[in-house]
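Residue numbering begins at 1 within each chain, and the chains themselves are lettered A, B, C and D in the order written.
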Amino acid sequence: MRPFLSHPFDDDKLKEECGVFGVIGVCDAANFVALGMHALQHRGQEAGGIVAYDPEHGFNSARRFGYVRDNFTDPATMSTLPGALAIGHVRYSTAGSKGATAIRDVQPFFGEFAMGGAAIAHNGNLTNAAALRRELIERGSIFQSSSDSECIIHLMARSIQKNIPERMKDALRRVEGAFSVVAMTRTKLIGVRDPLGVRPLVIGRIGEGWALSSETCGLDIIGAEFIREVEPGEMVVIDEKGIESFHPFDRRAARFCIFEHVYFSRPDSILGGRSVYETRRQIGVELAKEAPVDADLVCPVPDSGTPAAIGFSQQSGIPYAMGIIRNQYMGRTFIEPTEQIRNMGVRLKLNVNRALIKGKRVILVDDSVVRGTTSRKIKDMILDAGAAEVHFRIASPPTAWPCFYGVDTPERAKLLAANMSEDEMRDWIGVDSLRFISLDGLYRAVGEAAGRDPKAPRYCDACFSGDYPVAPSDKIDQGFEMKAAQ
Amino acid sequence: MRPFLSHPFDDDKLKEECGVFGVIGVCDAANFVALGMHALQHRGQEAGGIVAYDPEHGFNSARRFGYVRDNFTDPATMSTLPGALAIGHVRYSTAGSKGATAIRDVQPFFGEFAMGGAAIAHNGNLTNAAALRRELIERGSIFQSSSDSECIIHLMARSIQKNIPERMKDALRRVEGAFSVVAMTRTKLIGVRDPLGVRPLVIGRIGEGWALSSETCGLDIIGAEFIREVEPGEMVVIDEKGIESFHPFDRRAARFCIFEHVYFSRPDSILGGRSVYETRRQIGVELAKEAPVDADLVCPVPDSGTPAAIGFSQQSGIPYAMGIIRNQYMGRTFIEPTEQIRNMGVRLKLNVNRALIKGKRVILVDDSVVRGTTSRKIKDMILDAGAAEVHFRIASPPTAWPCFYGVDTPERAKLLAANMSEDEMRDWIGVDSLRFISLDGLYRAVGEAAGRDPKAPRYCDACFSGDYPVAPSDKIDQGFEMKAAQ
Amino acid sequence: MRPFLSHPFDDDKLKEECGVFGVIGVCDAANFVALGMHALQHRGQEAGGIVAYDPEHGFNSARRFGYVRDNFTDPATMSTLPGALAIGHVRYSTAGSKGATAIRDVQPFFGEFAMGGAAIAHNGNLTNAAALRRELIERGSIFQSSSDSECIIHLMARSIQKNIPERMKDALRRVEGAFSVVAMTRTKLIGVRDPLGVRPLVIGRIGEGWALSSETCGLDIIGAEFIREVEPGEMVVIDEKGIESFHPFDRRAARFCIFEHVYFSRPDSILGGRSVYETRRQIGVELAKEAPVDADLVCPVPDSGTPAAIGFSQQSGIPYAMGIIRNQYMGRTFIEPTEQIRNMGVRLKLNVNRALIKGKRVILVDDSVVRGTTSRKIKDMILDAGAAEVHFRIASPPTAWPCFYGVDTPERAKLLAANMSEDEMRDWIGVDSLRFISLDGLYRAVGEAAGRDPKAPRYCDACFSGDYPVAPSDKIDQGFEMKAAQ
Amino acid sequence: MRPFLSHPFDDDKLKEECGVFGVIGVCDAANFVALGMHALQHRGQEAGGIVAYDPEHGFNSARRFGYVRDNFTDPATMSTLPGALAIGHVRYSTAGSKGATAIRDVQPFFGEFAMGGAAIAHNGNLTNAAALRRELIERGSIFQSSSDSECIIHLMARSIQKNIPERMKDALRRVEGAFSVVAMTRTKLIGVRDPLGVRPLVIGRIGEGWALSSETCGLDIIGAEFIREVEPGEMVVIDEKGIESFHPFDRRAARFCIFEHVYFSRPDSILGGRSVYETRRQIGVELAKEAPVDADLVCPVPDSGTPAAIGFSQQSGIPYAMGIIRNQYMGRTFIEPTEQIRNMGVRLKLNVNRALIKGKRVILVDDSVVRGTTSRKIKDMILDAGAAEVHFRIASPPTAWPCFYGVDTPERAKLLAANMSEDEMRDWIGVDSLRFISLDGLYRAVGEAAGRDPKAPRYCDACFSGDYPVAPSDKIDQGFEMKAAQ
């Protein structure tokens, strides 16, 4: 049974689809992997899996729906995962899975090759997976999951290279899109980022061993020292002798996902040498410069709007306040809620601090607007509590294009900003003012003083600009229309 | 099975032991009670229970370990609780329960009397329960739980009054201590507060019906309008004809629990006409006046230190920042964690924003210090991240005495402030400075401009002062020594 | 959750409602109790409970729905039940329980008295329980279950005697009906049978300790030696000094339940000094004498008809054969079966040995006919397999009256024999012949060579004769009409 | 979690490893498959799986540990398996599976091919699977289970045939050993038996649809008419147009497993035109002729010795009696029993009818002796009950060789008959006499009046004779020594 359903009120956020973690060279590595996955839980809450290897017991795995803390902490489970080498994966999306077989879609994927087994965990999305899958099936591969990531392991099985790292290079040269991969053989821990480096992946040192993690917060929790990022297009192969670095792909200019800074990554992580928290606070500062307004209070929409709200308050001088309180026992969601409870909507999760808000002019700072449905409900709650004015300030530009690189986005027709101008959105949400940070302002906040260079943008910002650095070929086959060249 | 254990890292807080909620006059009342209990979950996370009445199906009940959201939301359970009248209880303490019978200790308690059944839910603690229990057993009552609250229902069963509200008055006149009770018969919803009004209880209006809740945030979630508090010493009896008010006890000066303002209640609740959030922010303001210090950042210990940290920042002009990030997937706890995970300690729950903290002089604002063990661990994390100085500011006076009125406190010997002076505590925790708000400062923050009147204090502040408004007679029988009269 | 529903196809049998077991003086007594309950599982499959006492840990209990083997065998549960003294109960009936509270109805019941705790388990039925319950509630007792057996413990709590055995005598002198009780204090194991001795109860010796069991098969499984039966009207109090025997009731002529011989007890048990298996085989012998018929095969309706079929075959010389095969994986029942599966009816449980039956004249031997619905279905299956003739022989007289002494019987209107003559039943079931053993024949099979003495029958045979040895006063209050005196 | 462990006391039997079932052309085919699997549960109790196909919902599957009745009966599960075409599998062996991944080993296996999906379920064992698996892995196939049966589906994926039945022929021509396969595509139900026809498989007609089942008892439960057996070496392909028959293998003389008659199949099934029950009864008749003994009672070891005991009694004239009673609530096993319970041994399952046995000379009829450990325990129980003499009569010849065709057998060193003569076994078990039926006697009982023809035996009897009709090549690779040619 799948105990956790997706949150009925969280569907108004973009969702990172995965986090990956691996450890080599420490006793009971799976315990460390579980901790790392717990720290990366914000990148995927639906399910998780761990594969561990031990010379005596071979490869063992456990896959579960639900939170890491509920599944990968009890000794009964963890004792089935012995060994000094383990990798793990947390996952959000249920895309493609149906009914009772869905646990098969939970990574890491494992394959037994002639030279031994290997397991891989993938964060990102392959843009040519559907075509690859068709080709592999025609040649006799049997897929066990509906996950496109399984292509990688079949491509590896088909490779005629003599060792697993070489087979992985072969396989990854065939795929397109965004991928940060953590993999393992019986003796090696492997990390790879796609040539653009769309998704993050970092290297840490723990005692005599090593760790790979989607974000630095995963290193912090196990007490590992942050060494460096895996570079875009780099493959690192780690064993007892240390780290070997390869660059198996044609070199291209990196395009890291700018939305990792805005929302996906944890505020205590460090991306590209920058504190995520500080970047978000700086977005608030830029936003206060770009779109000032006279008001009594600056309130975050908890929790993701908090750092930008702090920055907005500091820049504007308007007092920061907790105008909306989050119920910390919300966890992921109510299990199969009754109809009546489902209709309570956002009130289950958020409550307005009525005594504070009454009669005040309030600036609400949120990280993004996707469909806009939650923004409307929040505005209703604030007005119902007696606010005099409501001003929305959004810490990202209008989200007008879907992401095909490992983020769960509604189709374009459902994105509010794909269908309305900023003024129309303001009227539809029903607030006194609504302003988004500009794309240039966002680039300034991440340290590009000159704003975005349209000829060679430093980040992937396709969800805002429609400028896709890798053509989403499967989607184009299915009818998706790219932005017309301008 | 009991899926949630108490949190190994939360034992450094005082814990409110219960929340109560009741609804009459709305269709499927149990659904509303579940929502109210969800909003009151911070008052008790271990277990919850609901009793509902419907003329066709009689009294039905469900009791479960774990969160409301996990137990009282699915239609299969809720459909067993039909009716327009229901009460509920969330509970923290496991005090007294042993092994497999503990579900019996989960309230509400139910009794079948000659004139029909009644159920009651109790927030607080009876200071003469042990003596009453002995007496009742001698007279032939059979207790089904280890909970002292069960005394009330046996006293009611023994009463010779002809109706249940009168029997409840009889029973409550026999008990001593702190109690906010929500009860129900087949036709009435009843609310009572003890003469001192130690624990909160409020009345709300929902459509044609009524609600009782420990806090106003429980009214907000169901869309009920906050009408007024149940007064100290008042009993309200609500049925289809409306509210009747009684005052069955000798009238005394009220002594509301001041710690409800500091920590127990939710910041969006209103207590005694005051916003809890605003009171806490004001504590920060007072603290900045009483104990200023030169520093670079004011950081809350999340989440309970946040409002006071905001106030401290606003008063001092030192920037507010999120120096410590809370893992929002911590939920209640890891289930039977492996030894290795248990040893990770506070890192499972909190992480330092390393890039922000490095080289900074940091003021940490926390709500209270109980044993001090967590404070030490947090200090270690902050220094490990490279902070230049660490200053603790505590939003309550030193907690030096146990509470006997419904709060789970360690015995006096384990309270840091019962054994050390402020300077000794500073050295033991190992920080550059440590200051608590004064008791007068706390009274000022809750609106008593003149501070605390030692002859007639407006609040129960026994945990700080040792001045117990009701003698804890059971505890004295067991050897507890009161503070010597001064 | 209640994993086992009552069997949709077993509702055509009378059901024993309970089995009781107790052990004193052996290490980990609860383990022995679990084994004894497993051996008594045929007396109650819905739920079971164990209470154990240990000086260090006090009284502990566990109550579960489902089979003993699924609930009381794992070390996690059993380790919560330490001590050298324990009692247990298996239970069939759901009478009175509603919805989610039913676990409260699972015995043993426990009460804390002024002189210490006691637990009791009851097999039988109290015929004046409803009246007692009303009286106790009026005097302030709070019932925790819907089980009438709880009266006993409240009567004990109200007694003014100074020790528990004396209180139990007081209590049991107030109740009417059939009861075999196993009870325990902190130091004693107690067994009692009602004055008529309607239900069985035996004493066994195990090492230095003692056991009480509903049947001798419970002694066999733990390797205990069968010592003797508890006598009708006797109370035995067992502690480290040995057995003390009391006779607290007015002495009456015993009336043991004759249906225990026919169906309820296990064939390997010994009742009143007679092998149950041998008695049943002898019933078959008598039946072959009373109701011979020319045929090719004698087949039991499995499993309860087997011994009588063997006897019938031996007396008649007609070969014994397994014409109907029972699916041994049926266990208790399908959980919430789909409609389609429910409609498969008896085929889920029984299958005809088609190759054997085809063209044969078959005698089917069954233990009893209650509603007759299953008999019809079995006849259909046998004819469908091509039998030439079908003759039913029933190892008990027509069941025409309900039992009020601890057996679950349909109301009289649903008993086939209460509404039809033997010939009418034959036609309604649709077989070539149908014969029941006579009441005199049954008495002969249990060793009364002269048959039944109508003035002083040796057994309770009310279900056949309508001659109730104790007036069912609660039922008479509810309108039940006794057989007119003749 | 795996709720059912293998039975600690059943390890003294050979175990059939699987049963297969399929239905086409009936509404909600999966419900019928579940019923068929329930009837075949004796062929595999550890786990079961169903795959169903419906044009709208595609292929769906469910795999569960435990009994059919506990997993495949509730509407919640069954509604996920819509369609008029479904196959199922019950399984005993855990051979090869390790730890938490074992659910992957539960059949049917599914593969998506270029021309659509197919699922297969396999009863039997492939004797060259290890070699095939190595070869397939070298060519890039990724195995998802540790089950050798998965080879078939990979061989199908590699075939260059244009449709699935042709691919299956390709695949099955590559495998060696024993196999009865039930498979399905989107439109066809397919059944195959290996050239020797070692395992059974039958065809039934249900309404307008068809069924395939390991045994006829699976047809009976769904009300299907038994049409005929699938012939050795035959492949049947069933769709809406009817049955097409193919013979893809070189024709060989059939060698049906004789142990199916002795023990594996249900007594109400028909094998090779013979009633299994009648064959077993006839074994008892032959045994009474071959090995008569003077005694008072003939008792079966329940339940499998029953038909032979009836035959022995009828031939010898010694009365048949139930001297050993089986606890019908034993089900499969105790879950993780406590040490103390494990040590109770066979008493949990069987009890001696002490009053019957005392002082008697008893003939015990059992189906087989494997390790002999249970036989010793039963002898102990019988003697402990006071039997005067104990004579064992075994309804099969000495089991001296392991089976490699789909039966779980201990290694040869653990087979009692591989290490001892009949007299040595008698002394080791400790009985007054011990006799096995001769191999010729067994052949006579299955209808070969002349006994076994050593040049061309009609059955596979390798477990008795060491004469393996297919060389167990994987096992020979691993060092197994065949019987020397004589």
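As a convention for this text, contacts are C-beta pairs under 8 Å (C-beta built on N, C-alpha and C of every residue); 3 or more make two chains touch, one makes a residue touch a chain.
This structure is a prediction, so every number in the text was calculated from the model and none was measured.
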| item | value |
| --- | --- |
| If a chain touches subunit A and subunit D alike, it appears here | none |
| Chains touching both subunit C and subunit D | none |
| Distance between chain centroids, defined by C-alpha means - subunit B, subunit D (Å) | 62 |
| Centre-of-Cα separation between subunit C and subunit B, whole angstrom | 50 |
| Inter-chain centre distance, subunit A versus subunit B - centres from mean C-alpha coordinates, in Å | 36 |
| Residues of subunit C whose C-beta touches two or more other chains | none |
| Residues of subunit D defined as touching subunit C within the complex | 28, 31, 34-35, 38-39, 41-42, 45, 67-70, 73-75, 78, 217, 220-223, 266-268, 270, 274-275, 277-278, 281, 303, 306-307, 310, 314, 319-322, 325, 327-331, 333-341, 344, 347-348, 351-356 |
| Of all residues in subunit D, those that touch subunit A in their complex | 57-58, 60-62, 77, 80, 98-101, 111-114, 134, 137-138, 140-144, 153-154, 157-158 |
